[in-house]
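Chain lettering (A, B, C, D and E) follows the sequence in which the chains are written, and residue indices restart at 1 in each chain.
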Amino acid sequence: GGADGGGAGGGGDQIRVTLVQGLAGEEFYETMACGARARAAELGVALDVQGPQKFDPTLQTPIVNSVVAGGPDALLIAPTDVKAMIAPLTQAKQQNIKIILVDTVVEDQSIGLSRISTDNLKGGAAAARALSEQVGGKGKVLVISTDPGVSTVDARIKGFEEEVAANHPGLSYLGVQYSHNDVGEASRIMNAALAKDADLAGVFATNLNSATGAGTALQQTGKLGKVKMVGFDAGPAQVEQLKDGVVQALIAQLPGDIGAKGVEQAVAAVRGQQVTPSIPTDATIVTAANVDRPEVRKVLYKAGC
Amino acid sequence: MAVPLIAARGIEKSYGQVEALRGADFSLGAGEVVALIGDNGAGKSTLAKILSGVERPDGGTVEVDGAPVAFGSVEEARAAGIETVYQDLALCADLSPAANFFLGRERLRPGLLGLLGVLDNAAMRRETQEACERLGVRLASQSAPVSALSGGQRQGVAVARAVTWARRAVFMDEPTAALGVVQTRRVLDLIRSVRDSGVSVVLISHNMQDVMAVSDRVEVLRLGRRVARFDTARVSMEELVGAMTGVLEQWESQG
Amino acid sequence: MSGRGGRPARLGGLQVVWIGLVLAGLLVAFSALAPRAFPTSFNLLNLVSDAAILLLLATGMTFVIITAGIDLSVGGVLVFSAVVAARVIEGTGSPPLGAAGALATGLAWGVLNGVLVALGRIPALIVTLGTLGMSLGGALLLTGGVDLRAPADLNLGLGLARWLGVPLIVWICAAITAVLALALAWTRFGRHTYAIGSNAEAARRGGVAVRRHLIKVYGLAGLLAGLAGHLSLAKYGITGVSAHSTDNLQAIAAVVIGGTSLFGGVGTVAGTVIGVSIPVVLQNGFQILGVRPFWQQVVVGAVLVAAVYVDQWRRRARDQ
Amino acid sequence: MSGRGGRPARLGGLQVVWIGLVLAGLLVAFSALAPRAFPTSFNLLNLVSDAAILLLLATGMTFVIITAGIDLSVGGVLVFSAVVAARVIEGTGSPPLGAAGALATGLAWGVLNGVLVALGRIPALIVTLGTLGMSLGGALLLTGGVDLRAPADLNLGLGLARWLGVPLIVWICAAITAVLALALAWTRFGRHTYAIGSNAEAARRGGVAVRRHLIKVYGLAGLLAGLAGHLSLAKYGITGVSAHSTDNLQAIAAVVIGGTSLFGGVGTVAGTVIGVSIPVVLQNGFQILGVRPFWQQVVVGAVLVAAVYVDQWRRRARDQ
Amino acid sequence: MAVPLIAARGIEKSYGQVEALRGADFSLGAGEVVALIGDNGAGKSTLAKILSGVERPDGGTVEVDGAPVAFGSVEEARAAGIETVYQDLALCADLSPAANFFLGRERLRPGLLGLLGVLDNAAMRRETQEACERLGVRLASQSAPVSALSGGQRQGVAVARAVTWARRAVFMDEPTAALGVVQTRRVLDLIRSVRDSGVSVVLISHNMQDVMAVSDRVEVLRLGRRVARFDTARVSMEELVGAMTGVLEQWESQG
């Protein structure tokens, strides 16, 4: 039996699970929370959701510490750094809290009874393929990202760059510009890029705000559709951008699934049942052409639950 | 005596541990010039600030025209026609002399622009210049901020401002401290002519010649209390100094 | 050095000339270095258009800083107002009603700031840090953390509309900034703003209703942030719940670059206009020149300091 | 209201008592609401440990703000120093050399800030905004934008070491803060810091070497940021190139909550210690109580304002 | 005459458009009390600031003991033994009187603590108290900041400070403007005793009685130039006022 371990703070016999997001208030993680909540309700589990205001281990660490102080039975977490989060998670483990990693992982393989995640490296490569297809395999392409040092986003860029270098000789890669997650800044970057390279063919925007800002610039300079854009994640706003022709393709992960599966695994772990150590989830390329298909519709993120 | 314009009784005011006023009395009749004198730290400025609405007393009563008032703000005191030259002058250093002169009662342009709140800077500059010149204070530049003025020029602006706007009474806390000989004489003349026009004047000063020269009465503060009152005509400088310093403590003088 | 003590106050007018020359110098330099990409109407129009919304925030901030205050909440108020506008339009279908909602919301936050600063006598930094958290948290609560999209008629209407080839949003921001520049320089409202920042106690003794005026100034800053929220919703088509965390520092920096002192009492809106432009021009210019992103950060930082130094140095030469 | 004008200066000592009571009240309230989770040694130790590094930055910031300056660059300097430490340890294998490298680097950035502020007479906000960009950009250049990992012997050594059950990092930060609190209150260095912030011109006329002193103060802030970089590298095991963009605001807020005026001349390190603690305790307490993240933002903002209001209100009652 | 302690010639100083000094001369002998008088805005304070290293002149020469100097900073003037009471007092309002009194020359604790820079606050407080009491200035609390002092108390602190530290010369820019009758007398006595101990004094004042009472010589500034010099013993108050206001412009008097 594993229930004896969760006794630190748990009063009744209801299983208490906390989900610590990588970033509070982000569609990906909110969708994940929705998935987790739905499954928790089905299973009669009490679920609490917490998350830092930035994707940042120095902000996530205190949250993990306070969650651990509250002594839930299990912790679902998207660690914000592969190394920095090892120490607080080790502390949690020592308190007999079952840890399930969702979306991201840490280097220490012994942490996390189960790991459920999208491969951002592969996601980046998928973005490269999608963009290459959109621009017909040739032309100048640019990446607009948030800030360097955000591991998931960095992995996408890396995957994108490797794929371009390896398999798309016709693309001329212009490098990354950083928008600091500010739509205005992303728009300014896009404008300067257009002033510099009027023949720009495509853009990979690694997250929502980058895509929004860049899309605005394209729209206002009349380049919409002429410069192709691929974005990451498939929240409602992104899907609208896709339908409006601001972006031509989106790389969708399965956050809702990740959350739901995470809860299942946590419950199994607390009950001392079998857990699955590794559950990879897919990335789907969504385009205007396939967005209305039922199997694609399923992967779009939810606007609240 | 008629109902005094201002009558304050038993005013108390502490700042933390320091008791600045410990039951001070003060009265000012209509059309009279009263000198308020006392040693450094006696509480003169504090009393002036209370009577012009800047500070709230901890205790005591203030009556204006016989009716009790509780000035909660400077606006109320001003509405009662009382103006003040503060010892620290209370000027905005970054603003021009004219902006300071008209602070809180800016002149607006006539017509539509005025309705929009547009300032009539030319008129304000002109009037300020005139008022200062009446005191013999020359301003080298009307657009330079007050921080660029000499000590005496600043004081000139503050005095001219208070005198221009006062309708019932004007408190002057050491108004000539920084002024030149000529300017000081002009201020003393001004005090007389203001009085003659029916406005009462309270002059706080350490200069006994000036006090003797313009005041009708003298009130003396010591350690936060009124210790003596004199008719100027019937008092000598030595007596005044004695009352301030406590040598003459015993004499509680006539009213 | 400290803003207090004997140093003579700056004359707004003169100041603006010098920092304006610095901006002109930058424009000339980039035009010379990238003659076919930088000084094109395409690029310059984009520059202006990207700076417009920030300009609104910075103009409000100018008033606040001249009173010796500060407003960290602008980004949060912007987002909150954008969310309200989006929800109102969603509910009523009417973009004008949305705009009204955004303005009212912004004004309400601003007045809250003003009341807490003026009546509560709480340092402005703390008040607006608090309302920044409250407005951002509130916006997230209203949206569930998911960015709302602007309805198409707003995004494609006001968001794209042009007049004489210049985006309508730019006209709106420019007009409001111009009006406020005049109000600051020529009206009683402006005069009292300077007076409070120069010496709040003297203003109070002079009969200026200091508290009421401070509430108005923070209210104005909030109102402008609310408008910025609506325009940003129209322009970017999204409420941007996660996208405005650096708006406050950007606006404050613009104001200070433009010669307004953080210690209050001096400053001009014209300076702020230049202060908004300099970082935007630097970023754009260096990117066009192909400076690598990390170098850009370094170079923009260095040139910023140098630009203000030139300005400062000129002024010092005059003072001493 | 504005910090200038007639309001009597605060007496540091008294102030600290009141805001300290607010903190005590929060601790009691959370303990009552979550008796089995909040007031545990586990939780409190984590609290202290999470606040320690920020405390270093805020202590340096206290000195800077007391001179009426500001330092926005601390986060950038922290990251740059961490990168230098990581590179040095990588190259030499010696964590002490890495620490020396971080300290020297931090000091150098701080001195640069000081020189530009004191000799260049450029507003501190602009100078440190510039060096923030330069140090962050520089750190990214040194790392290629990828977070460097701390060598294991640092991360597992200093990063995990404890003494009497308390992390060594906490002891280090506490000791340094205590020494600097004493230095500010009791030494000539501290006295000159207050004098400059109170009236730089009077200090200059009094023969205080104002410029040299300002360079020292900014140097100290840089040095502490350098140390913070090294400790943060040890604690988190990464250089955190993207993780410190809000350090400056957090530190400034802590200083102001602790009763230091942005206008200079007053403040204490003890106040800053409390100012660092209040937001940390609020966040932790609300998380333990299970308040939802967005609500947390709202509630933390509101309680912050209320806490400072209580403090302010007491003081006003005394003043008037 | 012997080599003057300070000799300034043709000093010029402009602030923007305003010419504060237009070729002013000034000299101060060892052990003499010179009154520097002139109308508001004549340039007295500006001259005092230049001669104490606070401001740099645009033109002209300054000699100390016959050797040309270019004071680049206050430290240099202080090193030459020159102290100043500034008209704006130049006090740090947030600091205590003692902290201001010892500003820039703080007393440290003996022994190791002193090497660490630890202040000897008790000693500084004591000495400040004593110096102020010698002027008759009572400080209600030694720990309250200067911003809590009355105008006269502040000036007392500034005067006591300058007089305590001066070794060769002390400039006093309207040192008694805010002082009470008794305190003013004490300052005048102090000026004499300082002079007797060999320190020269420059007294800037608008009070002609005081000027007549303590000075050995008088130098008159008008519109930024020296327009007259007098031996105090051989001049009347009317002549002084005449020289200041320009009525007596023609008389360029004896040296």
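General observations
Just so we're on the same page, contacts are C-beta pairs under 8 Å (C-beta built on N, C-alpha and C of every residue); 3 or more make two chains touch, one makes a residue touch a chain.
The structure presented is a predicted model; accordingly, all values stated were derived computationally and were not measured.
Interface comparison, A-D against D-E: more C-beta pairs in contact at A-D.
Chain centres were defined as the mean of their Cα atoms; on that basis the chain farthest from chain D turns out to be B. Averaging Cα atoms per chain gives one point for each, and the point farthest from that of chain C is the centre of E.
For the pair chain D and chain E, the distance between C-alpha centroids works out to 43 Å.
Chain A and chain B have Cα centroids lying 70 Å from one another.
Centre-to-centre separation between chain C and chain E, using Cα means, comes to 47 Å. Taking the mean of the C-alpha atoms as each chain's centre, chain A and chain C sit 32 Å apart. Across the assembly, chain C contributes residues 6, 8, 140, 145, 197, 199, 201-204, 245-246, 293-294 that each touch 2 or more other chains. Within chain E, the positions touching two or more other chains are listed as 15-16, 88, 148. Listed for chain A are residues 24-25, 148, 176, 180, each touching two or more other chains.
Those residues of chain E whose C-beta lies close enough to touch chain D in the complex are 54, 73-75, 78, 84, 86, 89-95, 99-100, 103-106, 108, 116-119, 143, 145, 147-148. Remark: chain D residues 6, 8-9, 11, 183, 186-189, 191, 194-195, 197-199, 201-209, 265-266 touch chain E in the complex.
Note for the complex: chain E touches chain B at residues 15-18, 38-41, 45, 87-88, 137-138, 140-141, 144, 148-153, 156, 174, 177-184, 206-209, 241, 244-245. Of all residues in chain D, only 1-7, 67-70, 72, 116-118, 120-123, 125-127, 129-134, 136-138, 140-141, 145, 196-197, 199-204, 210, 214, 245-246, 249, 252-253, 256-257, 261-264, 293-302, 304-305, 308-309, 312-313, 316 touch chain C in the complex they form.
Against chain A, in their complex, chain C makes its touches with residues 34, 37-38, 40, 42-43, 46-47, 49-50, 53-54, 140, 143-149, 152, 159-160, 167, 232, 235-238, 240-247, 280, 283-284, 287-288, 290, 292-294.
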